[in-house]
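One chain, chain A, links the two complexes that follow: it is found with chain B in the first and with chain C in the second.
After this line comes the complex of A and B, so read on.
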């Protein structure tokens, strides 16, 4: 396989994987796919896809400004790739945003309901407008391949200069407004990054990054198609980047010095290390590399220098976008594989579109062609299969669709199976109620329990005979099994029967035919009842009857049991109204045997889920 | 074995089933795209639709062929196909699994019919294999996969029958269930990449031949030019 086919197959594979993840994201929600929380609601998709995506698209306005406004005609070969990169970058940003937003279908609200005080309002409008401008700026290129749209093309060409100007203006606004977005977080963002001039820093770094992104993209695409890289132009861009990045460094450090934050750089914290790494990768090393003429003109120097700036700028946007907030919020966040896969998938898809455009339209002066597409070329057999897959176009689509389909299937495999039919209820196992005469009923052990006076209930409800008022089912060979034995989930109904355990050699080890009759479909309905074998399951005289094998959730079971009885009592004895209130059970302090400070803590209203306004915290007698 | 079974019925099932469905969709789309390309290039754009459709239908419902050519083999092959498709698709236990996973199920066959179809499919599969081994003409035409397919296809039927109908110890039950699931998953993976892909390509095969055997426009001139006989009548 040649290089183009290998690269494209990998990219198609990444797109396939991310498609499976996208399906799971839209079917089951952000909670099922991301590691985001209420404390860290902005993660990789904002830090990398949106923030870095916009920054990486800066090449579009930088190169158009160089070419159209500064009249640097030598950059002509780079204009079309740069505008296309910027356009695809913004489309990637829009796609990522659609995945990241909780209610993406409400995005149009921004157009109708204006909130001019919000930086996000400006960011949103800039994205919409600049994406449209880039589309208009680029569309003459695909339109020139057919004469059918010549009039549209001519019309667009008339407005080329105003469009370019508008694009540069919108970019300037947008690059800096992404920085303004973080001005409202002075207490969240680490001081080394937080500054009043964030918008200015974002803009300057975007210009430097734009220069280097165009260089990097040119180097990579030239490498893929085995074409001679535009080294002389990249060297010029490198020289410009030295100036821009130096200005960035000076502004950054002068600002830190004025704010008196220079000491923080060497404080040895995690953030100080991040800062040093970011400054070295994004500015210092590339400045040195591009300042020396020899490395500036060498291919290796250009590869390393441009890659470092691109990587460092992404790193910077991720730092501002959330990484340096983690120490303030105390949250721990690392993107899930699904988040990573979506990010890689979107980038891969945009690269594929870029390569498609290079092959189909007049982006480069010479369109890349595969040697084999010449009708007189001899067919190349694949190394592994000894098979000729066809002409390049056919062989290509055979390979890419294969990579795509296999990756998509792997994506389906890696989806957490329980989430495929989840009702969205969190999996919270319950545990035994502890205590003696007074049980502390706290299934999920989160401290918000109910002190249940077990002995008091036994005494008042009729001693030995009272057990069956509540206890309605036991494990085989057990008596008064705890509630948690069957109601083993806090918020979800559970299968109390455990079919597979009965069938497993590691469990009850019984054959199918012990319960299921021959010649009938094997269902729960047609099987033997439990008490056909387990004669001791149901205690004699139990007031609660079992109708199905699904045990209600622990909270439901507890509420139904207690409230049912308490209501009955109130119906018969209206003077005992108080015991039907929520606070009758919930507002008590913990049982006496708890430590004094724990009891005190449980008394505080904010520590109890159900304390309602005006409800006494003291237990009614 | 519990854990292995859980893996086989969970992630591995999703992987292999997705490969089958997506893989079949892939070859179908590639096929249609190739046909469209051929049609675009073709010099003569007339397609004998009536003939193509009637031939396709003749192959899908091969009533005429059953009588005219090798009737026993044809009947065995048709019945084998019926058992192969009907049994797993409409088996009650399978539909229950779909219902628990997807939230909906469909019509099912009775346990009695399932049992008969299963035994018939196993027997017919063996017959097809023996027929291929026994006939000299068939041997000459056969590749390795032609011998293996009938045998691979009946493995899940045998193990499924053991699980559903025989009274076996839980150990043996789990073992045969494991073989049942793994062999079915092997089949899923192989379907789009072997001759079993005919399950989606077969209805197109007549149309493909009709379209593909058309020469591109002006191809005669190109051939003459390549042979250094420009302008000569073709």
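After this line comes the complex of A and C, so read on.
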């Protein structure tokens, strides 16, 4: 296995995994595959794939501006890789948008329905136009491989200069408009990042990043093929990046100073630490590295410097794209493994296309060849494949397809079997008459619910042994099993009070005035209460407490196991009144504050039926 | 003349009649509470909800949450295809057929109102539409119709603002002297008066300017940036080309000598 084979196999594996996830995303919806919520509707796919993807494609317009506009002819070896990277970056953005958009088949609406007030409208148009321009800019390269398309190529070459110019103009708009996207959220974005000049900051940083992205990509692809990178050119780009990044730093800090936000940097919040880290990684350290001639010309200095800028810029886009909004929205978000694998998969596929283009077309002056692998792996029947793709492509193919198929299979295995996979059901709001038997379970939180008869369930499911069937001690926060565990049709609309049934001749057959008093508005609020007729609904002496979002059933279950006997004893021996009081067991409120002697007694074997397995009786710290 | 809703928090008894009426009117389905929902009870199937907060005397106070129908809605300004728009009558409407699911409206809303059909394969954005069909027909929304305590009432915005200020003036001891929605983010069509602060309804309560204006400068400068960058590039190219040509001639001349 040589380096090319290892890298390509890993990439193919990642592509396979993401393909399986992409299928489940469309089969089950966004909720099942992502960790996105109503408060965090944009996640990794926007913050990384779209925001950072566009930023990483900045190399294309920066290098073409240097080469064609500023006529720096020495950068010629970098033009083709840079344009190719930009094109693939934009294709990656389009791919991830197709996964992220809720209704991707409506993407063409952007062309028909216009809203020029929206920065996203500008972003959309820039993506469409610039991707097309990049395709036209790059297409002469594959066309030159055969003479058959020479005429088309010549025709395209005539428009090279205007196309490049248009590409630079569109990039200017697009890089800055990604910053404009967040101008509408002054209430959400952390003040250290929110500024009116966000579009300008995005543009300047994109220029700096573009320079370094081209360098980094040259270093990485050269490493894969074991060739010498264009170190003298990278050093020149590094020198330019020092200037651009310094301008970025000055603008960033002057803007913060004018807005009076400099103090926030030292406020010690996690955002301020994030800011310091971002500035150091993205600008300060690379500026120092590339300002010193010795590190600028050394391979290690170039690797570290360009990596830091690329990493720091991705970091910056993710920060603006949502990370620094979390403290405002009060929501936590971390991408699910499926979101991560889609992101990695798209990037991997673009890298594979890049490597393919490097091998097949005249991207570099010295075209690398994938080393021959085991000749037995070459399918004997595939004459066509060899003619069209060449022998080396066939040789490596067995390994890649193996990695691809295995990863695809793993992806399908891990695929969520249910829509609820990454989004569990919340606690069902339950109200109960304390000490009473009927629980009021409001599954859909609309105020109407199901009357749940606890004793009936105990009797039906096997008396004292039945508790564990619903009150699983291993569920977090002592949650009880939802009704749907047994009643899969639980979420049918049930109106606890059937009004129609009450006044129907076939039902209770009572008149209006029996519940709605004369001289009152006929509303639910002024009507006679249920327990006026159904006297057994709430047991005498019970007080109703409304515990929204918390199921009180567990407390009731625990109490029933003890209080029942205590009451029986009091009924027979009235002088033992004290053992029925709360203070008989509890030192203060809460189950964890059981009196020490009660706690000790519960450890005895005759109380095994009271204490369920897994309950700790040790004193809480 | 635009219509509005005024909710008087002091009158609400939390009976949830409005929530049930909303579900019935808009044919909303059943809702399984999921982790992707915020705890405010709103969801793709619940367009209004009742929040419970402790009141000044400790007793529970109920606050109805719903879309605020901003006078200059950030969501409508953000939508790239104009699927959301402010109708002349007042409600902010959503068009299923235009939406492409980018969820920028959800990011842009200062009240965090729009919800998404996360569990659907064909998902849409969901929020209160102030029962637009009713409003257009001269009727009132289902929620205000259902309220037994007249805690949430319907009318024109001017009328309701006057009523809100009248109530505050008539009972200054009870109300906080503030009409939520009168000026926030450029004003909203859903107004609140209350005896507890309702600042928690908004991400940033002291936001007075309308949000669409924040992006307008950037959007207006788009053509200038576009043409400007083209001009700068062409100019640079011309200057450098000329300089290189002159240098070339110069060296040529030197070569001749």
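Convention: the second predicted complex is superposed on the first by the 394 of 621 C-alpha atoms of A that agree within 3 Å, B and C clash if a C-alpha of one lies under 4 Å from a C-alpha of the other, contacts with A are read in each partner's own complex, and residues count from 1 in each chain.
Methods note: a contact is a pair of C-beta atoms (placed from the backbone, for glycine too) under 8 Å apart; a residue touches a chain by one contact, two chains touch by 3 or more.
Not measured: the values here are computed from a predicted model.
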| item | value |
| --- | --- |
| Touched partner set for A:397, first chain B, second chain C, both or neither | first |
| Touched partner set for A:6, first chain B, second chain C, both or neither | neither |
| Residue contacts on chain A - larger count, chain B or chain C | C |
| Which of chain B and chain C A:32 touches, first, second, both or neither | second |
| Chain B versus chain C as contact partner of A:596, first or second or both or neither | neither |
| Which of chain B and chain C A:288 touches, first, second, both or neither | neither |
| Chain B versus chain C as contact partner of A:183, first or second or both or neither | second |
| Shared contact residues on chain A - chain B and chain C | 420, 521, 523 |
| In the complex, chain A residues that touch chain B | 394, 397-398, 401-402, 404-406, 408-410, 412-415, 417, 420-421, 500, 503-506, 509-513, 518-523 |
| Touch list for chain C against partner chain A, complex | 13, 15-17, 19-20, 23, 30-39, 41-43, 45-46, 49-50, 52, 74, 77-83, 98-104, 106-108, 110, 112, 114-124, 148-149, 202-204, 207, 211-212, 214-219, 222, 225-227, 229-230, 233-234, 236-237, 240-241, 244 |
| Interfacial residue positions of chain B with respect to chain A in the complex | 1-2, 10-12, 14-16, 18-19, 22-23, 25-26, 29-30, 33-34, 92-93, 96, 100-103, 108, 111-112, 163, 165, 167-171, 173-174 |
| Chain A residues touching chain C - in the complex, by the definition given at the top | 26-32, 36-39, 41-42, 65, 68-71, 101-104, 106-107, 109-110, 112-124, 165, 168-170, 172-173, 176-177, 180-181, 183-188, 196, 199, 328-329, 331, 419-420, 423-428, 443-448, 491-493, 521, 523-525, 548-549 |
